[in-house]
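Heads up, the next two complexes both have subunit A, just with different partners, subunit B and then subunit C.
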Partner chain A sequence: MSTVLFDSLRSWWPETILSAGALIVFVAASWTHNTRPVLALTWATLGASALALWQTPVPPATELFFGLIVCDPFSLVFRWLALVAVAMTVLLMGASNDIDVSLRGEAYGLLLLIAVGLMLMAEANHLLMAYVAMELVSLSAYVLAGFLDDSRSAEASLKYLLFGALSSGIMLFGMSLLFGLTGQLAFPDIARACTALSDPATQALSLIILLLLAGLAFKISMVPFHMWTPDVYEGAPVAVTALLSVGPKAAGFALLIRLMHALQVAWPPLVATVAALTIVTMTFGNLVALVQTNVKRLLAYSTIGQVGYLLIGFAVNTSVGLQALLVYLVAYLFMNLGAFACVVAVVNESGSESLDAFRGLATRAPGLALACSLFLLSLAGIPPLVGFIGKFLLFGAAIEGRQMWLAVAAAFNSAIALYYYVNLIRLMYFGRPVQRTPFRVAPAIRLALGVCAVATLALGLLPGALLSVIHAQAILNLL
Partner chain B sequence: MLSVLLACPLVGMLIILALPKTWVWTIRMVALLATGFALLITVELLNAFNPQAGIQFQQHASWIPQLNVFYHLGLDGLNLPMIFLTALLGFLACLASFSIHERHKEYFALYLLLEVGMLGTFLALDLFLFYIFWEVVLVPMYFLIGIWGGGRREYSAFKFFVYTLAGSLAMLLAILALYLHTHTFDLLTLAQAGHSLPLGLQRWLFVGFFLGFAVKVPIVPFHTWLPDAHVDAPTPGSVLLAGVLLKMGGYGFFRIAYPVCPDAAMAASWIMGLLGVINIVYGAFVALAQTDFKRLVAYSSVSHMGFVLLGLASLTVEGMNGAMLQMFSHGLLTGGMFLLVGVLYDRAHTRDLGAFGGLGVTLPKYAGLLIFFSLGSLGLPGLSGFVAEFLSLVGAFRVPQLQLFTMVSLIGIVLAAAYMLKVIQQVLLGPLNEKWKSLSDINAREILTLVPLLVLVIAVGVYPLFVLQIQDAPLRALIAHVTGR
Partner chain C sequence: MAAHALVIGCLAALVLLSALWVVTLRNLFRAALSLGLVLLGVAGLFLVLEAEFLAFVQILVYVGAILTLIVFAIMLTAKLQGSVTAPANRQVFPAAAIAFALFIVLVSSTSALVPATPLSGDAIRLDVLGQELVKTLVLPFEVVSLVFVAAVIGAITLAVPRHAKSTKRS
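Moving on, here comes the complex of A and B:
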């Protein structure tokens, strides 16, 4: 037994370091109200974890801890995504002045825990592990959403908790049905048991998938489980919103893909439902985003729209689709975090989250406006930015998977989405500024903006490296 | 050589971005040098070009190997006139941009980015690369209209952006479908494979490409962005919009839609002809009703681009040559017209035709130039517009199913004479409006922007072979490819 544990630990150092770091940060934060050492500790943990992840040997697929989790190239992509997303959030949180300084230590600890949870979600190979990982992410996120000392934040936290509890209850129900049907908990065993099922039981399987989908749809804000998104995004601290819009989405997709891979047999009758939900999700998100006046709500609906595009890769259920999904997730991570970094900078300066705060930004902070335009154009899918490459692959996957109408709907949606993205650019460049004073952007935000901007531009101009990495990681084991 | 041509404006843009924004003179000079170098290289290319040799000066490098995307540029008779037009108008409009008097650094950086996009669109021989450049054009033009324009500039810029992008997305789907069927983006390979694609697929592809190009040309009823964008853009922006951006759409039909979907193009011939006639007649009638000088010129563009469609629809040697020549000639003439409108607007700050009158007395030099370009625009024999429109009409008339359309489109020429003469009459003739007595005549810099256009209009009008010999061989090859004759 101990040899299994030690062997497992060898591939699992990044998560171990993060968990230990999170606990130390919690203790340190209760010890001192000075954030500097706590922040240093957080960065040390993230750095050590990244180093460990870099050094982790990645065999085609290794089951760790008695088959509870699996370390494979597919999860490696998501582990990096989780680490980058959390690191960016730490940067933004340190620079944003909405969270009380005395509380920041705990926030950093929770962020590290979320990182562990996100990684586990992508690695889960067992129903129990999947559930625990999801709850780890959710519980930390509930707390973080309520970190501001105002009623909106409290409302966001409570709403998030109630919706979250409901959907994970539904999901748990699905899991218990699945266990009752197959008698298995580990994904490979479930897959094997499912192929052996006879006809009436496969129909029960469809119901189970729908129930499981409900739980995950909540995580990735898929219609009709998106209702919490705008309110929570609006109430939560901006940096937390930034993380929520990226991290749980990516991990949710990872778990979704793994689960559906195990339940592949029951997939065909559900294709139409998922495709229809995909179209509804993107159309709903983009249409409602058109009329928003609060930038956080706008980005919340934009997130729902983007999730709709991502779902294309899932709905077509081909290896091309999976690759496109992974590429777009990487693209989305950088461009969306970048956009939120701009929001942090503007909210810090003006204290307002209204779109009007962006008016005339180009004259007050030209660099910030330029970076923000870059992210928005990338989200809109304008070449040669990375968002275009991702969308291009997703549209291609839809056509290749003989789901032409998905591609057409996505193209229509891109045109709709252009409206609100460009509207923000219009405000920044053509609007008359409320105040004329130039404002300085905090160095940490500048760093975050720089990283995201370089990634958005460089990965768009030279996507070759990204594509070959994703290709190698995704194809090896899953499909 | 072609990469150097693309690099000229790009390097200029980077230099301008690195300069402090108060160095206005230096910024202008850098922009002028960058566009000037691009023009010099184009002239050099024109000299070295061999009309019989097919695709020349090719550059081929792998860009995204996973998707079979190549950085592939090349020059032949189809794009050389367009490249020359772009470089020329790019340089002249840069000279005209000296009248821009705010946010110079941003303006010239965006202007040069626009030129990179325009040149790249015409040079690209890889469909993916073509699409990238095609879209790159949108963003700088959006800002040029939105920041430095007049009137309802924000609305117009926005409309331009959304319309064109919506069209491009249809094209993107067509590109993807084409790629998934053939697994290549190489336009030369795709053109050869044209006939082997199933007719059903070809139809859908043609519709996708058509929507993308139709918005740009613009083909009625996709034209509604054009009058707004042209009117509200700053003068150099209008010049490039009318002179170059519209040609991108027309060029797309020649380079992509027709060669790749030959059978669908044959079948759609009468539709293209019909749309051409609608463009010609509708555009002319609407132009006739305008009281705003710039809006009138904008609608005259809609009318003139109709001849491109009509010539294209004919699929005859005369018609296709006429269509290509019309694109070149329209770039020169309308570029000139917009520059002239700009000159007047800079002085009088109004474009209302009814407000002028009798300017021929106070602004003799301006009057001469305006009369010249108006006559060119209405198709006076001896100038470039006549040759192009005549060839298009002759070509279309040779096709039985287009004969009726050809006859109807003659109305457009009569109307062109009416609205152009109306401009001359209302602006230059009649009693002098006392308000404009102190208006100064056109200055040396402004004349300098117009003279090259004037010379070329006469040159092409008197000796059209100068352009025709460049484009004739590839057009004959294209017709043979599409019709199989």
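Moving on, here comes the complex of A and C:
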């Protein structure tokens, strides 16, 4: 018994360190009024966790803690994504001036707990574990969305909580039906039990998949569970919005892929539904983004559009599709966090979130405008940036999976999206600035911008490295 | 058998009726008390279905602790005391239609199902459950405590008046 626990802990040090670090950060935040040591503790935790993750042995697939979680190359990709996303958020939060200084310590602790939850979501191999991990991420995120002292932030937090509770409830109903049907909680056992089911039960299985999909669709803001996205993104602190647009999306996709892999048997009748929702998601996000005037709302709808592209990889349900999905998730992490780093810089300087704050940015902060353009062009999928590589693979997967409609819709949507991304670049370079004074970007934001810009460019120019890592590793034991 | 069905029917009617009260009563305090009735009714259903442990947990945790917390929250929040108007519910008919449609779908697709083997009583033996929680299920058990930490710290952070806090610190 205890040997299983010790063996499991050996592969689970990163999460253990993050959890302990979060608790220490909470205690430290209640002791000291100074944010500096708390921030140092947060970075020490993140660094130690990254080191532990680097050292973690990764055999093809190891079931840990009696099969509750599984540490395989697939989850390793997502553990790194979670760590990078949270580290970037800590960087942005330290540099942004919207959160009250007295609340910073608690915010850092909650961010570390979100990192644990995100990693667990990608590793979960058991319905109970999956649910607990999702709640850890959700609860911390509900609170963080309300950290600003204004009514918009409170509204964001409350809306997020209510929608989250509703979709969790629907998903739990699906889980309980699944348990009633199969008598199993672990994913491999469920997969085995599902193959033995006969007709009335397989129909119920389709319903179960739809119910489970509802809970996860909320996490990844897939239409029709996207309604919370713009309001929450607008009300939450910018750094938190940056994390919400990346972290839970990636982990949600990981859990979605793992869960649906276990329910593969009942998949064929639902392919058309998921493909249709994919097209609706991307079209809706991109069309509504066209008329936005608040940059956070614009990026919220852009996120919904991007989730639509990501869903292509899931809807085609082939190994090529999954690989494309993973590559695009990595790309999306860097380009979207980069775009939000620009928003943090502009909001810090001007205090305004309207698109007008970006007017004439090129004359005031040329480096920032250049970086921002880079991220927006990458989000639009312009070569040679990494966004293009990801999109190219996704479109290819749609064609290879004989889902021409998905490819056509995605191409059409890219054209729409190009308009609003380029419009923002036009404002920065050709808009008449409201103020002319140049402004300096905080060092932490510059670091975040630099990391994201280098990744966006380098992975776009040399996609081979990323492709080989993800191809060799990730999909081995899933298909 | 008929008596069994009758008891279940009565309890279900109680649950449904008080659930309706929860969402329609305009006084929040009364809505909270109706929620208590719902929870008690569900506990009764568990008892009839021979899941005594679940029934006791339901009463101890939900009726005993959570409902008390809700009532405290309502009584401590000055704005919510007395007969305040309920939040705007303009979309009551679409919401009812969607909920009813969901109910029909759920019933139609699950009513045909019969469990292959009746679950044995051993499945929820208490000592086994307790052992499982600290042995094979120790990880979610621990992660739940992280969830509680996040919830408690978050709630305190949001509840403390910001100005009081920053003046105290500066």
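Convention: the second predicted complex is superposed on the first by the 479 of 479 C-alpha atoms of A that agree within 3 Å, B and C clash if a C-alpha of one lies under 4 Å from a C-alpha of the other, contacts with A are read in each partner's own complex, and residues count from 1 in each chain.
Operating definition for what follows: a residue touches a chain if its C-beta (ideal position, glycine included) is under 8 Å from a C-beta of that chain, and two chains touch if they have at least 3 such contacts.
All figures in this text were calculated on a predicted structure; none of them were measured in a lab.
Visitor: Tell me which partner touches more residues of subunit A in the superposed arrangement, subunit B or subunit C.
Guide: If we count touched residues of subunit A for both partners, the winner is C.
Visitor: Once the structures are superposed on A, label A:101 by its partner contacts, choosing first (subunit B), second (subunit C), both or neither.
Guide: So A:101 only meets subunit C here.
Visitor: A:471 in the overlay: touching subunit B, subunit C, both, or neither? Say first, second, both or neither.
Guide: In the superposition, A:471 contacts subunit B only.
Visitor: For A:33, decide between first (touching subunit B), second (touching subunit C), both and neither.
Guide: second
Visitor: Determine, under the contact definition given at the top, whether A:459 touches first (subunit B), second (subunit C), both, or neither.
Guide: Touch partners of A:459: none, neither subunit B nor subunit C.
Visitor: Looking at the overlay, does A:384 come into contact with subunit B only (first), subunit C only (second), both, or neither?
Guide: First partner only, subunit B.
Visitor: Between subunit B (first) and subunit C (second), which does A:84 come into contact with in this model arrangement: first, second, both, or neither?
Guide: The answer is neither, since A:84 touches no partner chain.
Visitor: A:374 contacts which: subunit B (first), subunit C (second), both, neither?
Guide: A:374 contacts neither subunit B nor subunit C.
Visitor: Using the touch definition from the top, say if A:113 reaches subunit B (first), subunit C (second), both or neither.
Guide: second
Visitor: Give me the intersection of subunit A's contacts with subunit B and its contacts with subunit C, in residue numbers.
Guide: None.
Visitor: Where on subunit A does subunit B make contact in their complex?
Guide: Listed in rising order, the residues are 377, 382-384, 388, 392, 395-396, 399-400, 407-408, 411-412, 414-415, 418-419, 422-423, 426, 429-430, 463-464, 467-468, 471.
Visitor: With touch defined as at the start, can you tell me which subunit B residues reach subunit A in the complex?
Guide: For this pair, the touching residues of subunit B are 63-67, 131-132, 135-136, 138-139, 142-143, 146-147, 153-154, 157-158, 161-162, 165-166, 169-170, 172-173, 176-177, 179-180.
Visitor: Give every residue of subunit A touching subunit C within the complex, in rising order.
Guide: Going through subunit A, the ones touching subunit C are 1, 5, 19, 22-23, 26, 33, 65-66, 68-69, 100-103, 106, 109-110, 113, 116, 120, 126, 128-129, 132-133, 135-136, 139-140, 142-144, 146-147, 149, 157, 173, 177, 180-181, 183, 200-201, 203-204, 206-207.
Visitor: Report the residues of subunit C in contact with subunit A in the complex, numbered from low to high.
Guide: 105-106, 109-110, 112-113, 115, 119, 135-140, 143-144, 146-147, 149-151, 153-155, 157-158, 162, 165-166, 169
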